[in-house]
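Okay, here's the structure, questions in a sec.
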Amino acid sequence: MSGTALLALCLLAPLAQGGALLAAGLLPRAPAVREGASILLAFCHAGLALALLQATFAGDRGMLVLAEPLPGARLAFANDPLGAAIAALIALLSALGALYGAGHGRASGVIAPARAGAFAAGAAGMACAASLAANLLTFFAAYVGLMLLAFSLIVQDGAPASRAAGRRFLRILLSAAIGLLLPAIIWTYAVADGVDFRPGGVLEGKVATVEANVLLLLFVFGLGQATPPPFHRWAIAGTRTPAAAAAIVHGVALPSVGALGVLKVSLYVFGPAMEYARAAAVAILALALAGAVAASIAALSKPDLRERLAYSTLAQMGLAVAGAMIASPAGAFASAFQIVAHAVAKFTLHLVAGAVEVVTGRTAAPDYEGLGRRMPWAFSAFALAALSIAGAPPLAGAWASLWLIAGAGEAGMGWAVVLILACGAAGFCYACPLAARALFGPSPAYPFSRPDAASVLVIFPAAAGGLATLGLLFLVDPMARFLAPSLR
Amino acid sequence: MSALLALVERLHFPFIIVLISVGLWLWLGADGLLKRVAGLALAHSALVLFFLASGFAARADAPLLAPGEAPFARRYSDPAPQALMLGVIVGAAGAAALALALVVRIREAYGLTAFDALAPADADAEAEAQAQAQAQAQADAEGPAP
Amino acid sequence: MNAAAADLARAHAPALVVALPILAAALAALCSAPRLAWAIAIAGAGGVALLAGQIAVSVWGQGAQSYAMGGWPAPLGVELRVDALAAFGLVVTSVAFLAGLIAGAGPARSELAPPRQSLAAALALSALTALLAMIVAGDAFVLFVALQLNACAGAALTALGGERDRSALPAAFRQLTAGLLGALLFGLGAGLLYAATGALDLALIGAVLNASENARSTAAALGLMIVGAGVAAMLAPLHVGAAGALGRGPRFAALLGAAQAAAGLMVLARLIALVVAAASPPLLEGARAGLAALAAAGAVFAAVQAAGAKDLARLAAYGLAAQAGACALGLAAATPAGVQGALFQVLAQTLAAFALFAAASRLGRGGAPIPMARLDGLGRRRPLTAATLALGVLTLAGAPLTAGFIAKWMVLQAAVQGGLWWGAAGMMASALVMVAACGRVLERLYFQPPSAAPRAERSGGRGGGRLRRARRARFRSAGGRD
C-alpha cells in the first residue's frame, strides 16, 4: 500500500473507532459488542500506524491534501519520520488503552462508557493527526481539536468541580493557543509565505534577530500542551478525567503533541534560523529546566497519585522542551526520545493508578503500601515505569536524559547539565520510594472495595507498558539512526 | 446691502457650525424626548443650510448665456445642491415624524417622556415582575401540598 | 414579449434592484391580509435575489458597469455603480435578507398582532431598499439618503416589538438617533467634499481629490463619512443603537440584522476604495490608522459586551458587532488581500449571525427573552437547534477550519503585512474574548445538565407566564426534576 493510502487509513481508523463506539452506545445492553469493536479498530489503527512507520522507513513519503483554504496553507498530512514515529507510539498505546478501557469500564462503572471511549479514541486520532500534520495550519487544527476532546472528557461526569476544572483547562490552553500560537503562525505565514514543516525551516533568511526571538517565544508559550510555565496548570485537571481515558489523553496525547509541536517548530519552522533566536532559546531552556526541577519537588508533596503524576508530566515535558531548545541533533533526538520514553512510562503509571483506584477505592500515595503483594504484575510494571521516569539505566528514561546531557554538554551549557541531574534526582525521590514501598511494604490492612476488579484486561496493558519501558533500550539506536536525517 | 451680504458670506460657516452644535447638543443631550426631536430637526436644517451655502459663490455668473447677452442676475448659485436639499428636507421631515410617533408610543407605554428615566423604569418593572414570579412560585409550591 | 421584458430587466437591473423592493413595500402596506403581505415580501426579496444573481453574472462576464439614472450621466445625474464589490454585496445582502424573511415570517406571525403584520412586511422591504441602495449607490448623496432610510426603517421595525416588551421603544429611539446621526455625519462629510471638489459622485471625487489642496477639510470629511458608514455597519462602539435594538426588537427583525451589517460594511469598502483612488499618501495613512483603531477598539469592546450578555439574542448582536470590527480591520489594511479577507469575513459573519438569530427565534417563541440558562442541556433536548447554535457560535469564535477562522486569518495576515501590528493585536484580544463568550454557550449546550433550566427560567424576566408554566409542565412530564 502506498504511503498516502496508509496515511488516509491511519487518520480514518480512530474516527471509525469513535463512531463505532458512539453507535454502539445506542445499544446499552450489549457492552461486549461495543468493546469488541473498539478493541478491534484500535488494534487496526495501531497496525496501520506501524505499517506507515515501516513505509516511512522504506522511504515512501505520502502526502494527503484535503483542502487548500488559503494559498500556501493547505490542510495536509505527510509522514515524515519524526511524525510517523510519534503517531505509531500514540496508536500502539491507544490500542492498549482500548483493552484497558474495556476492563476498567466494566469494573468501575464509569458514566457513559461509550462516550468516554469515543472521546478517548477521538483524542488519540487527533494526536495522530497532529503528529502527521504537514504544516502549522493542520497542526493547529488538530491541536485545538485534541484540546476540545480532552475538555469533553474532563467535564463528562457533569459535576461542578469537574466543570470548573475543565473551564480552567480550556482557559489556559485555548488562550495560549489563540493568543500566542495562532498569531505566531499567521506571522510566519505573512513573513515566509507558507507554513509548511520543511526540513531546514521556512524562516531561514526571512527573519531578523528581534523577530526570530519574539516568534520563538510566541510559539513555545503558545504550545501550552508542552507545559511551558506559566501555562502548565492545565495538567492538574487531568485528575477529573476517567482513569482509562486519562492514561491515553493526559499521559500520552496532550504532552506528546505539545512537545512534538515545540520540536517540529524548532526543526522545521526555524531550522538554522534558531541561530537568530539564541537568546529566546536559552531563556526558554532555563525556564523549562527550572520549571522541571520545581515541578519534581512539588510532586513530592502531592499525596493524590494522579495529581503527583500530573506534576511529574510537567517535569518530564520540561526536559523535552529543553532538548528542542538546544537546537543540535543530539538535543533534538533527546527531545524526541524523551517524548517516547515519557509516554510509555506515564501511560503505565496511569494504568496502575487507575487499577488501584478501582480495586481499592483509594487514591492517596500512603495507601499504596504493600499493594504489590496483592497485584504483583501491576506493581512490577509500576516499578519499571517509575525507575524510567527517574532516569535509572537501563530503562528508557535514562537514554533520553543521557542524550540531553550530551547535547547540553556539547553546547557548553554546564548549568543545564546540573539542572537535568537535579531533575532526575528529584524524580527518583517522588517515584521510586513509592514503588519500593508498594512492592516490599507490609500487606495493606484496609478492605478493598472491589478485589475482583483487576481482570487480565486491566493488568495486561499495564504489564505490557512496563515491559516496553525496558524494551525501549533496544530501540534507542535504531531510532537514532532512523531519525538522524530529519533532525539535522 | 452688499456689505451685509459680504458679512453673511464671511460668517455663514461659523453660523452653521453653531447651529449644528446646538442641534446635536439638544438631540443627544436633552432629557425630554421632544427636545431631542427638536434638536434632530435643527441639526438637519443646519445640514441643509450648509449644502446651500456651499453652492453659493460670490461674484458667480450664470453659466449659460448667449454671446453678448447681459447676465440676468447679479448673483448665481449652483442649482444641484438646491435640488438635492429638497430631498433632505423631505427625509428630515419623515425622520422627525417617525421620532415623534415613537415619542407618542413611549409616552403611552411609560407615562413619561424623560429619556434617562426610561431604563430605571424598566429595571423597576423587572424587579417587580421577578418578585411576583417568586411569590407565584411559592404559592405553586405550597398550594398542592394539602 | 417575454424575451423583450427579460432583456429590459437585464438592461435596467441596477435600477430595478432598488425599485422592486420599494414598490413591493407599497403593495404590502396596502394588503390587509397578513399572509398575502408576507407572500409579497418574500416574492419581492426573491425577485431582488434573482436580479442580484443576474447582476453578479453580468459583472463577472463584462466587468464593472455604471448605470445612469434616467439617462443623466454622472456629474449631473445620479449614478448607480455595479462593480465586483457591489455585486458581491448585492448577492450576500439579498440572499441573507431573503433567508431572514423566510425564516422570520413564522416567528413574526406568532409575535405581532395581525394588523401590524402587513406593516412589518412593508417596513422590512423598505429596509431592504435602503440596504440595496447603500450597495449600488455611486454617489455620496444617494448614500446619505439610503443611510437615512435604513435608520428610519430599522427603528420602525424595532418599535414593532414594543407591543410585547415596552423596552423595545426606547431601543428603537436610540437606534433612530444613532442611525440618523450616522447619516447626518456622512452627509456633512459629503458636503465638505462637495465644497472642496464640486462633485458628489464618488468616482469623480476620487479623481479630483488628488489635485485638491484642502487636505484638512478633506480628511475631516472622510473621517465623518467613515464614522457615518460605521454606524450602519454596526462597527463598535458606534453599534450601541443598532446592536442594542437587535437584541430587544422583534426576533424577525434581528434575523435581518446580518444583512444590515453586511450592507454597511460595503459602504465602508467603497469609502476605502475612494481613499485609495485619491492617491494621497498622508490621507491614506490617516484613514487606515483611523479605521484600524476604530475596528480594533470596537472589536474588543463588542466582544466584552458579548461575553457579558445575559440574553442569547443580545450575545448574537454584540458578536456580530465584534465581527464587523474584524471586517473593518481587513478594509483598513487597504490592500487587495485585506479587502478579500474582509469580504470573506462578511460572508462568515452573515452566516454565523443568521444561524444564531434563527436558533434564537426558534427558542424564544413569541419573542420571549432567552436568558442563557435556557440553553442548559439543549443538546439533549433539541439537538437540531443546538447544533445550529453551536455551528454559528463556532464560526463566530473562529474555531479552526470554520469560515470565520479562514476569514480572520486572511484579515490578520493582511493587517500584519500592512504594518497594522497593533490592530492585529487588538483583533486577537477580541477573538480571545469572543472564544470565552462562545465557549460559555457551548458549555451550556452540551455540558450543563438540563435540570437547572426551569428554575432559571422562572427568574428569567417578564412576559409569557403561561408559556413558562406550560413548559415547566412539559418538562415535568418528560421526567425532569424541578
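Every chain is named by a letter (A, B and C) in the order it is written, and numbering of its residues begins at 1.
Here, a residue touches a chain if its C-beta (ideal position, glycine included) is under 8 Å from a C-beta of that chain, and two chains touch if they have at least 3 such contacts.
Not measured: the values here are computed from a predicted model.
A.B. asks: When you take the mean of every protein CA atom shown, which chain's own CA mean is nearest to it?
C.D. replies: Chain nearest the overall C-alpha centroid, as shown: C.
A.B. asks: Could you work out which chain's C-alpha centre is the most distant one from the centre of subunit B?
C.D. replies: With centres defined by C-alpha atoms, farthest from subunit B sits A.
A.B. asks: Between B-C and A-C, which chain pair is linked by more C-beta pairs in contact?
C.D. replies: B-C
A.B. asks: Taking the mean of the CA coordinates per chain, how far is subunit A from subunit B in Å?
C.D. replies: Comparing mean C-alpha positions, subunit B is 65 Å from subunit A.
A.B. asks: What is the distance in Å between the mean C-alpha positions of subunit B and subunit C?
C.D. replies: Their C-alpha centroids are separated by 24 Å.
A.B. asks: Round to the nearest whole Å and give the separation of the Cα centres of subunit A and subunit C.
C.D. replies: So the centroids are 45 Å from each other.
A.B. asks: Flag every residue of subunit A that touches subunit C in the complex, lowest number first.
C.D. replies: Contact set of subunit A toward subunit C: 69-70, 73, 75, 140-141, 144-145, 152, 155, 158, 163, 166-167, 170-171, 174-175, 178-179, 182-183, 186-187, 189-190.
A.B. asks: Residues of subunit C touching subunit B in their complex?
C.D. replies: Residues of subunit C touching subunit B: 76, 141, 144-145, 148-149, 151-152, 155-156, 159, 162, 166-167, 169-170, 172-173, 176-177, 180-181, 184, 187-188, 191, 194-195, 200, 458-459, 461-462, 465.
A.B. asks: Looking at the complex, which residues from subunit B come into contact with subunit C?
C.D. replies: 20, 24, 27-28, 33, 36, 40, 43-44, 47, 50-51, 54, 80-81, 84, 87-88, 91, 94-95, 98-99, 102-103, 105-106, 109-110, 115, 118-119, 122, 125-126, 129-130, 133-134, 136-137
A.B. asks: Given the complex with subunit A, which residues does subunit C contribute to the contact?
C.D. replies: Interface residues on subunit C, with respect to subunit A: 398-401, 406, 409-410, 412-413, 416-417, 424-425, 428-429, 431-432, 435-436, 439, 443, 447-449.
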